[in-house]
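Paired with chain B in one complex and with chain C in the other, chain A is shared by the two complexes that follow.
Moving on to the complex of A and B:
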């Protein structure tokens, strides 16, 4: 499957204009920043605050934006028309995902600065965030594919919010209900582990283990989303 | 282009259709909604057809210029947005967002997607339905240009729409798919006998409706059309069946200012409001009746009409 930089850029620019002019969607860009300002008071002393901030930003911004971008195209059947042009599936997905990626990266950088989070290892922190953004973009793609309208898309991220944002909290109950130990392997729980490492007493294994688990999730969900995307568009 | 037959409850909905799109630059099929969808569903996965559906929508928040630029880039055409906007006749709207355009303009801009298609054949569902006259004319011009090197198939439920830009028209219904004869036959004129002028008697046109015989004075009649063999007399937006043939009616009504403007239409000259020129050889007549009635006008009869109207 060929990928043309020109077409990807055309889709990126088009989606940027559409997204930025749809205030109902672009207002979501402010949420992570507001959350960061709210939690700033509590400071880094509050356990899990940074994890909650990042995880909720991923769902509310990355996942939501991607789902809406795809669902809106489906709603107006412009996606079907786009499929009849030389633009390939990967062109469309890459164009949309790169826009969502850039927006998320910028907003999360701002909100982590405002929040005052200081990572013990910048490399590991950035890798974790980048992988998570890709992961949630893929989740957003899947949400968008299963919804026909914009309204459905904004509701379809609720299960994602529940599962991914709730996982770190669910893992706390693992002592009473052993079933919940599974939740500890969710990417969001692993991100919380990664973020909560502090001081100097950590080993490389402490850093790599969460990163590897997140990487596995990212690769898995990305493949699922691409396959689903091609399949569902053919069915329509 | 071939369509497979489709049966439903043992009834043949869609016969086996083989269309030779290369025979004419643009082909039209007049059919109902259900058959239109069946036809289009067979073109779904073909890479050779660009299918434009009536439900197609557009990126509402882009301006016209941004949309054209996007379409050029994504289809990798080697054109300039500014010159294309000029060609499309959208200079004034180029900075307007699509959501702020009038409904007809918005549809016209949406229809421009077919211009960028790389496929050999374009299939359009009801392209003219939502367009007003100015946009119709613009889009017809674009389709005519496109038909130079592409094959065009128009699916519509309206004869009038199909006639705007189709060279060959088929009617597809329960009785099958048959070509519609829209060429002007010259023999008709010879068949015409001289009007017996001395015999001026009562010339009411008798029609039937629900077993009642209704008589109309000729000046009441707006126009008469022939639809699949039956003659319909249109009066004030309603239509009534008539047992006479068009040729008989034409002879009867000649002295009342009626004119055979088309092989299957006779129009009351008193009621013509406007002669619409789609292109230099495709015309319609608009009538000033209550409803907005438009009647096709054959190219060969235009001169005759101009003489009658002293134009």
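Moving on to the complex of A and C:
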């Protein structure tokens, strides 16, 4: 399937204009920053603080914004109008996702600086964050596609918030309840593992294992979101 | 050359036939009206022709290619569509909405000015979409559908809920587009509208084409061979078209008794009712 840079950029610019005038949605940009400032006072050594900060930012900004952008287009029938133009499925999905990606990357970078998080390996940290943004954007797309209205979209991210944000906490119970071990394979739990690596005594496997698991989730959810997009917008 | 060829197209949803073996052709440069009440299958056919739906059986071709190819970007450059499902970005101005479409179709900046003039909205270009009246909104949607000057234009109930002045604006625009070579496929349940702008119409009822032809032809076919004569004394006569009637009318005319004389020609609405036994809803 072809991708046109011009069309992707046109959709990005349109989304940027709409987003900047949608105060109910753009206010979500400050949420990760407020959270970073709050946790900064508690100190970066607070167990699980960095993981909670990043995971909640992904759900409440990346996933929420993407779900709302998609649901609003569906509610107003503009997504169907876009489909009737030469823009391909990938043009539309990339155009719509790139705004959320850029916003999330900038806000997460600012939050990290304010929080004072210092990764032991910048490359692995950036890779983990980039993959997570793509993953939560795909999750937001799926939530938006299952919603008919903006209100439904805001509610549809609740299961994502519960499962993804709660997984690292649930995994702690795995010692008493082995069934919870499965939660350790959630991307949010793996991100927590990646962020909690400290000092110099880590191995390459300590970095690659969580990244590979996050990558698998990202690829899986991205494929699901593209297939779902094509199916949900067909009238069969 | 035919722009649209539909051959025995059938579409079922569950056990209900939305379209039952529909066949017709539309030559290049025609304004073709697809008439029928709500739920007759008009929108389903537009969706099949624009590759939003696949037919259950039969074959639909657009530009001599299977309708499924209308999903391709190159084919989408060739047609425009305005349906009741078309939407505008509410927080963007008229100009910003059109700017998006201009970029998606990769057109020069002048395309926005031209299409705004065409739909008579140049003065309102900075107005936000959420502040537009229903008529202006419909004109912006039409502008989005025709900004790339398509070879083929699909219009699904383009003037529903519009006042006569705004509807007249749309008709004028459509005629102008048609003169420049655009083939227009229009669905409507407004028979007067079809009579006014269509070269040919098909009447669709319960998924089947009941009749097809130019409005003039259809009226001729369904004309009752009677003459209505109103006399100045208040008498009204419905007379068959024959020699006896000709003599009677001649007498009345000599005596100066005729107030009004007309052949009884059915409207498309009358033809629809006659063919289907049903009122348009």
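Throughout what follows, the second predicted complex is superposed on the first by the 235 of 236 C-alpha atoms of A that agree within 3 Å, B and C clash if a C-alpha of one lies under 4 Å from a C-alpha of the other, contacts with A are read in each partner's own complex, and residues count from 1 in each chain.
As a convention for this text, a residue touches a chain if its C-beta (ideal position, glycine included) is under 8 Å from a C-beta of that chain, and two chains touch if they have at least 3 such contacts.
For clarity, every value in this text was computed on a predicted model and none was experimentally measured.
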Give one word, clash or fit, describing how chain B and chain C relate on chain A after superposing. clash
In the superposed arrangement, does A:6 touch chain B (first), chain C (second), both or neither? both
For A:40, decide between first (touching chain B), second (touching chain C), both and neither. neither
Does the superposition put A:21 against chain B (first), chain C (second), both, or neither? both
Looking at the overlay, what does A:232 touch: chain B (first), chain C (second), both, or neither? neither
Looking at A:81, would you say it contacts chain B, chain C, both, or neither? Reply first, second, both or neither. both
On chain A, which stretch or stretches are contacted by chain B in one complex as well as by chain C in the other? 4, 6-7, 9-11, 13-14, 17-18, 21-22, 76-78, 80-82, 84-87, 234
Interface with chain A, chain B side, in the complex: residues 45, 50-53, 55-62, 66, 70, 73-76, 97, 113, 116-119
So in the complex, which bits of chain A are touching chain B? 4, 6-7, 9-11, 13-14, 17-18, 21-22, 75-78, 80-82, 84-87, 234
Sort out for me which residues of chain C touch chain A in the complex. 47, 50, 52-54, 73-74, 76-77, 81, 85-92, 96, 100-101, 103-106, 144
Considering only the defined contacts, which chain A positions touch chain C in the complex? 2, 4, 6-7, 9-11, 13-14, 17-18, 21-22, 76-78, 80-88, 234-236
